[in-house]
Every structure is written in structure tokens, then in C-alpha cells.
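Each structure below appears as C-alpha cells.
You will see two complexes here that share subunit A, one where it goes with subunit B and one where it goes with subunit C.
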Partner chain A sequence: MAVARAKDVALAARIDGLDLPKGGWLGEARSKAMDRLVAMGLPTKRDEYWRYTNPSSLVSAGAPTSAVFNPDDETPAFDQIGRLKLVFVDGVFDASASDDLAMTGVSIELLSDVAKTDIHWARDLYGVLETRGQSPVERPLAALNSAFATEGVLIRVSARAAKPIHLIYHSNSVTSDVMLHNCVKVEAGANVTLLESGPAAARFIQVMEVDVAEGGVCHHVRTQGRNHERCAATHVFARLAAKARFKSFTVTANGRLTRNEAVVELIGDDAAAHIAGAAMGDGDFHHDDTVFVTHQGERCESRQVFKKVLKNGAIGVFQGKILVKQGAQKTDGYQISQCLLLDEDSQFLAKPELEIYADDVKCSHGSTSGAIDETALYYLRSRGVPLKLAQSLMVLAFLAAAIDEIDDELIATDIRERLQNWLSRHEH
Partner chain B sequence: MLEINNLHVKLEEEDKVILRGVDLKVGAGEVHAIMGPNGSGKSTLSYVLSGRDGYTVTDGSAQLDGQELLEMEPEDRAAAGLFLAFQYPVEIPGVGNMTFLRTAVNAQRKKRAEPEMSAGEFLKVVREKAKTLKIDADMLKRPVNVGFSGGEKKRNEILQMAMLEPKMCILDETDSGLDVDAMKLVADGVNALRGAGRSFLVITHYQRLLDHIKPDVVHIMSAGRIIKTGGPELALEVEHNGYADLLAEVK
Partner chain C sequence: MAMLETEVRDGVDRETVEAVQAMSGKYKYGWETEIEMDYAPKGLSEDIVRLISSKNDEPAWMLEWRLAAYRRWVKMEEPHWAMLAYPAIDYQDQYYYAKPKSMSVKPKSLEEVDPKLLATYAKLGIPLKEQALLAGVEAPEGERRVAVDAVFDSVSVGTTFKAELAKAGVIFCSISEAIREHPELVKQYIGSVVPPSDNFFATLNCAVFTDGSFVYIPPGTRCPMELSTYFRINAENTGQFERTLIIADKGSYVSYLEGCTAPKRDTHQLHAAVVELVILDDAEVKYSTVQNWYPGDENGKGGIYNFVTKRADCRGDRSKVMWTQVETGSAITWKYPSCILRGDDSQGEFYSIAIANNAQQADTGTKMIHLGKNTKSRIVSKGISAGRAQNTYRGLVSMHPKAKNSRNYTQCDSLLIGDKCGAHTVPYIEVKNNSSRVEHEATTSKVDEDQLFYCRSRGMDEEEAVALVVNGFCKEVLQALPMEFAMEAQSLVAISLEGSVG
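Right, the complex of A and B next:
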């Protein structure tokens, strides 16, 4: 009882001052989300899936301050790629910095623009996949977001999008506390690439719901901002119909606390989902990938590929699950999480889980952590490659398998160069 | 070029002495061969000269053109002109062979304050050299030594040598695991690099490699020392009679 009361108090403090707008289709979705949130309470370190990651900075009453990172300090993400840009500054849409939102076969709207209407297609998506994703593992921060998100993008794709859509999240404030909620509906046979970059805020709680209809394709690639002091909890909820494909890749090169959750349901037959991530942490860096993939359709394929490189006491967490439901025959599930520890102060905590109720499936998982290969390092140095550069080459080589999950070669090159630049800062 | 004096080396982790006073002098443009039975310390000598961890030098010195090698980092030894062709070339998954080669070439040039090679220039040169060693484009694209056959790995070592243009090349049992044709190819690669003041130290068990790479001087190593030095005829003697007679003679 005392615990329950403590949770109530914590929740009241967390949402104090937040606005819960009523009315329109969204008002209804928000109030349902609020009910879910109250029933669950905020996460604490005692919760099973928060044992390795302390949620305190995510659930505290105010956002911990975060020094603003100078964006000129690195090349803007994806700037060599023709794409449609939407810019948000501390969670507020910046129309002047954004492109015209018109694109053939794609409808792009802002959450704030359509919240008050009675009917909107997003009504069947907003909070819906999030709700499905609350069982069997509760994700209270996602419900918090569904209730209080102030902005977001609603994207409906009915054809092959001519170019990627790039959501850019700038942050100019040391105390900004932002919740964005994006919904992406990919109709049958349609195809879209979604890019995200930037820190968004001192504290960022994000939800993205992606519904991919039969034969649809959604590629998602993001690079999380280099602001070191920021904290973020992001959630991707994806649902795939028959023959649908969803690929999501995230690179994280900094951040005091990052928790990236991905919850994927393979509902139709012959669908495929790949979730991958590359993280490089230095110092007081805590990075958590929590993934839950559910196989329901037959002959579906899922891959989880996560690589982390840690040093100077950085901490990496991986909690990955594959659930194969009864009847999900011929499932092909794969999961690998690997960590390269560059010193003895850093830590990697991994919890791979498989739960299988079908009898004709192929599922494998592996998790490793280790140091850099000294023999390979010596070989490189014996050819004249200086130690730091040799280490960088080895680090990039280690991360390569995750980056290989990106289909688009231009985007993959952007990510590789980003990592290379980041590493070369530390070479001298 | 290379001058080794009274070199004593033991394993770092255990109290095992491997080299017990090696003396060796290789002049500019000379080719020396070191032969010797298993466990005589031939490979250790090559590792110690190139700067591999795990060994402690307890006495002696090794100089390359008057520079004290043993105090330098491996990358500095390479930039100074030392090259070791490995007996067991290392596989490095994820690092492309071309990236590796170009990084190495330019890192050395940078250290010597020479202009770096542009991507275009590098590509032209590497293709040309690869062709003479029968290394195809696919091998250049693959990760370093990953999935290479024994022969391909050794050819890749010689390609690196050709690109890096070292002054002092040490070949550690480059003939091991090679068939006759592959050995010929590798030897041709090495011979093409001879001259211009470049020196070689060829470590081998067998005389047959020396049929292709003709040495000026042959040394016999045993129990951590050079026990006999002679001309090419010494290699033939070993081939015919084995090491037993030589060892007995010294004792």
C-alpha cells in the first residue's frame, strides 16, 4: 500500500502543470491514456524492466538541466540526402525552417493542427498500438506521452514516397521537457523512409506508432543528438500486416541517459522486422535498448542487431525478447547483442529472452562482450597505423554489422561518416 | 641497415628465455636468410623487431639505420621502414582491405611528413600492384584476410609490402602453406622489390624458397643464437644433411 501511494505521489508530481486538453478525437485518446497511466503508475527501479536503468531522471517532477550542444560542432545529419524536412525546436514546430509538407502519395499533418477535429484517421492509431504494447510488459512513459504529448507528426503514406521524411529535433533550452507523439500509417504496398535526428530537449519522451499494411514498407533511421547531458526515453510501436516490412536503425553517440524501446508485432504472414542499433558511450553514459518482438503470423522473420562500444565507465543495457505465439509456424527469429568494452570500468548488462509456443520455428540469440582484439591491433600498428586510429578502425568494424542493417547506401554512408568523425575527435 | 647486437629476450608472462644473444648485421640491399629447427627463436626475433607485446628484452639492442628500434612503438617502426610479412596474417572482420591499405600508407606518409596519397592515385597504384600478384578486385574489397585462402593471405602480405615500400623487410615463413605455384608468385613479388637499397631477412625452414629468392647470406639459428653464418651453400647443406650435423659441430 505504501508503495502504491508513493507511486501516486510521484505521478502527481510528474504531471503537475501539464495540460490534458479535452475535446476532439485526441481528447478522448488522451483521457484513455491517462487512465492507463494512473493504473500503472510511473516506473521505478523495482520494476522488472527497469532494474538495469534508473528511471529517476525520466520520472522526476522537472527535467534535469542539460547544457545545450552547439549544432555547428558536427555535420548536420543526412544533409547529403534529398529529403523533406520538418524542424522542431524544443518540441515546437518551426515552419520557417521546414519544407512545404506536400508530397505526392503522402499526407503529413501536425498533431496540433488536427487535434480538435471529431474524426481523423489517426484515431485508429494514436495510443492504439501503445495500448497493445502495454502487455505483457508495462511501458508507463509511453502512456504518459500519449496523454500529454503537445506535438507530433501524423503521416499517412498511400504510395511510394518520392523522398525520405526527415524529422529534425533541435534543442535550444537547458530545461526543455518535451513529449512528441508521431503516427505513421503505411497503406498496402506503400513505401516510406523516415529519418530522425537531434536531441529534441533536455528531457525527451517520445512515442512513434507505425502501422504497416499488407506489402507496405517502412524504413526508419535515426541519429540521437550528441548533447551529452540530455535524457531520453523513446518508444517505437510497430504493427505489421502480411508481407509488410519494417526496418529501424538507431545510432547513439552520447547522452547521459537513453532508453530506446521497440515493440513490434508481426501480425500477418510473411512479414519482416529488423531492429538495429549502434551506440558509442564515453563516461557517464547510460544506454538502454529494450526490444520486444511478437511473432503471430506464419513465416515471419525478425532480426535484432545491437552493438555498443563503451569506455570510461559507460553502461550499456540490452533487454531483448522474441515471443513466438502458438501458430506462428516457420518463424525465423534472430537476436544478437554485442558489446566492445574498451576498458575495465565499463559495463554491459544483457537480458536476452525467448518465449516460444509454436513447434516449427527457428530462433537464435547471442550476446557477447569483450575487449578489442589485441592481435588485430598489433597487425594494424605493424603496418604503420597509429594506435588510436587502429582502435577507431576496430570500433567501426565492430559496429559495421549493425550499420549493415540499413538498406539505403547513402544513409548508411552518412551514419558511418558520423561515427568516424566522432571517433576521430577522440584520436588526438 | 639492420644491426642486432647481443639480443636477449624472454617471455613476459613466464620465465622462459627465447633469444640468448643474437648478433646480426644486414647491409643495405642485402638479402639474408635465417634457417633453423623449430623452437629456435626465429619467429620471436621477427616479433620482437616489429614490436609485438608479450616479450621482454633483457639485454642487447636492435637498430634500423642507426635508430634504436626496441624503444619505438610498432607504428613508428613501420614508418621508419620496417615491415614484417606475418607467418599467420591476421583476419580483421569489418575492416575493408582497401581501407586498411590506404590508412596504413597515408599514416606512414603523414608520420614522415610526406604528402598523403589521394583516393584516385591510391586506387591506380594498388590495382596495378595487385594485378602482378594475381590479387583480384574482389579480394581488395573484402575485409582484411577474411575468407582468404592460405596463398591469398601471403599474397596480400606481399601486396602490403609493395604498397608500403619499406627499407627492411622481414619475411616470417612466408613459404609455409604455399604450393609450388603460389610460392613462385610470392617470390616473384619479393624479387620485384629487391634493389634500391632495400634489405630482406627471410626466415624459412626450407631451402626451396631460397631457390626463388636468392640470399646473399645464410644464418643458422638454434636455441636462441645464430650458430653459423655462410653463403647460399649453407642452405643446401641443411637441405641435404638436416640440422643435426651443424648442431653437433657447434657443440
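Right, the complex of A and C next:
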């Protein structure tokens, strides 16, 4: 009981001063999310799914301060790609910096604009996939977001989107504490690419719910990085109907604490989900990928590919799970998590899980960890490549397998260049 | 043999299916020995702990140790993190001490042991005679002998070859005898690997363990024969709580075998054992188990609840431990034989084949804790599920910051027979230095590349080559089991991991 009471106190402190808006379709969704949150309480480091990542900075009453990152310090993300931009500054939509939201086959609305209406298509999505994703593993921060998110984007895609939609999250405040909630509904046969970039806030709690109907395709690529002091917990909840495809890739460089959760349900037959990530960490960097893929339909495919490069005491965490339900025959599940430790101080903590209840399936998982291959390094040096460059080449080669998960070559190139740039800044 | 009707998908080896069925179709050891027993009153209390201690003529320090454990246990909560579903255990609704009446005066030699007890072990294929051969086992080249400690419910019935082992300086006796005869050794090492605070079931064991085996191998000694303990639960509503302590002093070697069976009964019975291995510099211990407790009937009625804590402490440099386990019995298995690789250059190996059928549930695996430099560990786990069984591999590989240049290789494969069972893998990997290498694989396609290349160069296609290498390895594990288990191993040789799902 003492523990339960401590959780109540922590929750009360965390939500003190936050507004729980009532009314409209969203009011009901928020109050249900609040009920879920109260029932669960906030996570503590004693929880099984937080054993490797201390959630204290995410659950503390106030956001820890974070020095503002100067965005001019590097080329803006996805700059070479024709895209529709939506800009948020510390969680507030900046219309003047954003493009016109009209695009053929795509409806883009802001959560704050439609929250007060009585009915909205997003009612069947907002908090719905998040709720489904609360079992068997609780994700209280996602419920916190559903209850209190002040802004977000509601995207409904009914055809092939002419260009990618890019959500840019700027931050100008050392204490900003932001929760954004995005909903993406991809209708049958429709196709969309979502890009995300930017530090967002000193503390950022995000939820994105993605519902892909039959034959629909959703690509998601995001960069998180180089603002060293922020902490972030993001959640992607995706539900896939028959023949739907969902691909999500994240590249992360630094950040004091990043927890990226992905919860994917393959409901229909012949659906495919690929979740991948590349992370580079330096110093007091803590990066956590927590993935849960559920196979329910037959003949579905899922891939989890995660690579991390760590140095100077950075910590990398991977908690991946494939759950194959009874009847999900001919499932093809694959999971790999690999870590390159560049020095003695860094740590890799992994829990690659399988839970299988169907007999005609193929599921494999692998996890490796170690230092740079000295033989390969020696080979490069013997060919006249300087040590630092040789190391960089090896790191890029190591991360390449994760970047290969990106379908769009232009986007993949952008990511590769960004990595190269980050790598050169962190050489020493 | 209801299993035969199970639809088995293509790619799963027929022989494997039949072997799994044959193994669990009829439990061979389900008969009961009718023998008069002395019971302690049902239930658990400080008085019961005192009674067990006094029945074993224990010194005061041992009783204090037990009572401290009991007081701790009362405040502990039963863990439920394992993927096991079972009704709450009523710890007050069973006997904690049951001893055959004929054992009330401890027999001085095997000749004095109640013939009924001797017959029980003879029927199990473990004759308690100092003879070279075991029932049903072909005579191997040269003379091969196995010393046996037989534990029947709460007491050790007898230990063979004691005198001859003593000549080599090896102490092999029941733990109750060791507490009386060799208190200095017991006091020094008991609880030093699995402390009384370790976990709920281990703490319970500390309080109520009744007997078990004790082994001490002196420095530089290669134990002249294999040692074994055979555990038999016979009495109804009785838990068995045995404790095994093996100390391999510097430069010594011992191979130790363990077997277990129980009669068929409709009620569940609790078995909570603790095994501690202490391995000093350059010593090596091989510990092999064939766990064949009564698994319950097809509908999950009856069967043993097996909650076991086994741990080896490779305390010395260059020490080595090898756990081999074949788990076919028990309704519930909760067991993680672990290695603490404390000494530099120490090695731990874990080979496991776990077969769960009908309503059986197994949550088993290992922990490899690398503390010393240049330590090596290898985990090979094969899990097979059939019927409505759930089979989970749970393991931890931990590389501490000081465990420089250490290596771990883990391979765990699962095979499902039928679509109503489950196979799960829950590995924890914690790497805290960069000179160590950790590899976890759970695919049949990722077998030894050199072996694969060899097979392929001989014209085999990839799939054939993989199957050959994996099956060959599975057999290799089984063949590594000592002769004692030849009978069990033979029935397992038909198992192949073709069609593994990872």
C-alpha cells in the first residue's frame, strides 16, 4: 500500500497545474485517459519495463532545464526534400513558419482547432490505439499524454499524398514541458510519408497513433538530436489492417534521456511492419528503444533493426518483443539489436523477447555487443586511412544496416549525411 | 498417446514428435512404495523448523541459521514474474518432514537398509549396491562406477562407495551427516553461493531443508568415480526440500549426476531445492540433471511444482563449471542454474533441453554473471513445447565493468508441436565494458559458420547443412550426459530441432 500511495503522490505532483480541458469529443477521450493514468500511476525504476531506464526526469514535477540548442548549428533536416512543413515552437503551432496545410487527398488539422467540436473522425483513434497498447505492458506516460496533450496534428490520408508531411519541433525555452499528440489515419490504398525533426522541448512527451487501413502505406522517419540536455519519451501506436505497411525509422544523436516506444499490432493478414533505429551517444546519454510487435493476422512480416554506437559512458537500451498470437500462422518475425561500444565506460542493456503461440512461424532474434573489430580497423589503416577516419567509416558501416530500412533514397541520403556530420563533430 | 492425432506441420521431424509423445505418453515412474512413514505435523512454523533440526541432530548454529531464514521468509512474497500460471500454493497444507519408519534408527550400512527402500531404487534402475554397472546400461570399456546418495522423501537412505571415496580424500555423504561430521566445511560454505536472502523459494529451503548431498573434493584430486544423487518423492502431500553443497577445492574435478522421480498423484506437490557449487582455482565441476518429476496427467491434474535455485560460484581463477540439464518432468518448472564467473579465466557452460507436453509449464534458463577478466560462457538451450504446454527460456548474461575480454555465446531454439502450445524467450543482456563480446542468437540459420561452410562444400544445400549441424549439436549435448542417464538420453536422441522457430 505504501508503494501505491507513493505513486498517487507522484502523479498528483506531476499533473499539478496541468489543465484537463473538458467538452467536445476530446473531453471524453481525455477523461478516460485520466482514469487509465490514475489506475496505473506513473512509472518508477522498479517497474519491469523501466529496469534499464530511470524515468525520474520524465515523471518529476517540473521539467529539468535544458540549454537551448542553436538550430543554425547544422543544416535543417530534410532540407533537400520537397515537403509540407508544420512548425511548432515549444509545442505551439507557428503558422507563419509553416506551409499552407492544404494538400490533395490529405486533410491536416490541428488538435487545438477541432477539440471543441462534438464529433470528429479522430474520436475513433485518439487514445484508442494507446488504450490497446496498455496491455500487457503498461505505458503510463502515453496515458498522461492522451489526457493532457495541448496540441498535435490530425492527419487523414485518403489517397497518395503528393509530398511528405514534415513536423518540425523547435525549442527556444530552457524549461519548456511539452506534450504533443498526433493521429494519422491512412485509408484503404492511401500512402503517406511523415517526417519529424527537432528538439521539441526541454521535456517532451509524445504520442502518435497511426491506423493504416487495408493496403495503406505509412512511412515515418524522424531525427532526434544534438540538443544534449533534453529528455523525451515518445510513443508510436500503430494498427495495421490486411496488406497494410508501416515503416518507422528514427535516428538519434545525444539527448540526456530518450525513450522511444513503438507498439505495433498486425491485425489483418499479409501486413508488414518495420521498426528501425540508429543511435549515437556520447557522455551522459541514455537512449532506450522499447518495441512491442503483436502478430494477429496470418502471413504478416515484422522487422526490428536497432543499432547503437556509444562512448564516454553513454548507455543504450533495447527492449524488443515479438508476440505471435494463436492463429497467426506463417508469421515472419525478425529482430536484431546490436551495439558498438567505443570505450570501456559505455553500456548496452538489452532484453530481446519472443512470445510465440503459433507453430507454423519463423521468428528469429539476435543481439550482439562488442568493440570495433580491430582486424578491420587494422586493414583500413594498413591502406593508409587515418585512425579517426577509419573508425568513422566502421561506425557508419555498422549503422548502415539500420538506415537500409528506409525506402526513400533521398531521405536515406539525408540521414546518412546527418550521421556523417554528427560523427565528425564528436570525433576527438 | 492422444498426441498422435495432433496435426503437425510440415518441416517438423516425425521422429521428434513420436519421441516427445513416447516420453510423456506414459510416466514410467508413477508407482508408489507402500511403506510406513513418520510425519511431522502438517504445516510450517518455527516449531516445524526446530523439529527438522532436532530430527537431524543439528548443532545450535544450524538451527539459528534455519530460524533466521524462516523469519525472513515469513515476510517475503512469492514471486510471480515467471510465465507460469498455477493456483496459489497453500504452504500450510503440506508435510515438511516425512521419513520411512524403518529409518528411525539410521542404518549403519547398506545391508541394514529396509529392503523395501532398496527395492524402490532397484525398480527405478538405481540399485543401491556397490556394483560397477547400472541396470540397463551396457558395460563400457573398462570399469565404470557411480557412487549414489539416495534421498527418499525427507531423508538420505544411504550412500554407496563411501569408504572407497574416503581413501581418495573425497567426502560424499548426506548433508545432514556432513553438518554433524564436517561442520567446519559446511559452516564455511553453506549459503555462501545462494544466501538465505536470495529468493522466496531458496529462503524457504534454508528454513526447512531436510536432507540432500554433500561433496568435498580435496585439492588436486580427480574424483575416482562419478557421484550421483537420486531424489524420490513418495509420500503424499509432502514437499521435498533438499540441499546440495559441492565444494571442488583447488585443481580438483568431479562429475555429478542428479535424477528425480515421483509417483502419480492427483494433488500437486512442492519441491524447492537449493544446489550450491563452490569451485576454487583450476577446479572443474560437471553437473548433469535429468529432471523427471511426475508431470501431472494430460489435463494438468497433479504433478510436481519444481522451484529450484542452482548456482555455481567459480570463485577460483581458471575454474570451470558445466551445467547440463534435460527437463522432461514437473507440472511447473522454475529453474535457472547459474554461474558466477568470479575468478579470472573462469568458464561457465549451460546446456539445456526442456520438453513440455500436455499442461506442463516450464520457465527455465540460466544466468551468466561475468565478474572476472577473460571469463567465458556458453549457453545452448533447446525448448520443445507440445500439447497445451508453455515453455520459456529466461536468461541473463551480465558483463561487469571489470570483466575485461570476456565472451558469451548464447543460442536458444524453440520448437512447437501443435498450435495450442507456446514457446517464449526472455533474455536479458547487460554489457558494461567494451572489450567483452556478447552474442545472442535464436535462429537455426546462425549456426557455426565453419561447420556450415564445410557441409556446403560437400554439396549439401543450406537447409540440410543447418539441420545436420543443429541436430548434431543436440545429440552432442545428449552424449555429453554421463552413462547414468544413457537410458533417458537414448530416448531423446530422436529429438531434432528441425522446424525451430527461434
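Convention: the second predicted complex is superposed on the first by the 426 of 428 C-alpha atoms of A that agree within 3 Å, B and C clash if a C-alpha of one lies under 4 Å from a C-alpha of the other, contacts with A are read in each partner's own complex, and residues count from 1 in each chain.
Everything that follows uses one rule, which is that contacts are C-beta pairs under 8 Å (C-beta built on N, C-alpha and C of every residue); 3 or more make two chains touch, one makes a residue touch a chain.
A quick note: this is a predicted structure, and the numbers were derived from the prediction, not measured.
Trainee: After lining up the shared chain so the two structures overlap, which partner does A:V114 touch, if you call subunit B first and subunit C second: first, second, both or neither?
Mentor: neither
Trainee: Mind working out whether A:L341 is in touch with subunit B, subunit C, both or neither, as first, second, both or neither?
Mentor: It touches subunit C, and subunit B stays clear.
Trainee: Output check: A:L349 vs subunit B and subunit C. Expected answer is one of first, second, both, neither. What do you get?
Mentor: The second partner, subunit C, only.
Trainee: Name the contact category of A:A159: first (subunit B only), second (subunit C only), both, or neither.
Mentor: neither
Trainee: Which partner chains sit in contact with A:H365 here, subunit B, subunit C, both or neither? Use first/second/both/neither.
Mentor: Only subunit C; A:H365 stays clear of subunit B.
Trainee: Based on the superposed arrangement, let me know which partner A:A188 touches: subunit B (first), subunit C (second), both, or neither?
Mentor: neither
Trainee: Which holds for A:L101: it touches subunit B only (first), subunit C only (second), both, or neither?
Mentor: neither
Trainee: In their complex, what parts of subunit A are in touch with subunit B?
Mentor: Against subunit B, the touching part of subunit A is residues 373-376, 378-387, 389-390, 393-394, 396-401.
Trainee: In their shared complex, at which residues does subunit C touch subunit A?
Mentor: 9, 12, 81, 83, 401, 404, 414, 416-443, 445-446, 501-502
Trainee: Which residues, counting only subunit A, touch subunit C once they are in their complex?
Mentor: Contacts found on subunit A: 48, 326-327, 329, 333, 339, 341-371.
Trainee: Which subunit B residues qualify as touching subunit A in the complex?
Mentor: Touching subunit A: residues 50-53, 73-75, 77-79, 83-84, 86, 89-95, 99-100, 103-105, 107-108, 111, 143, 160, 164 of subunit B.
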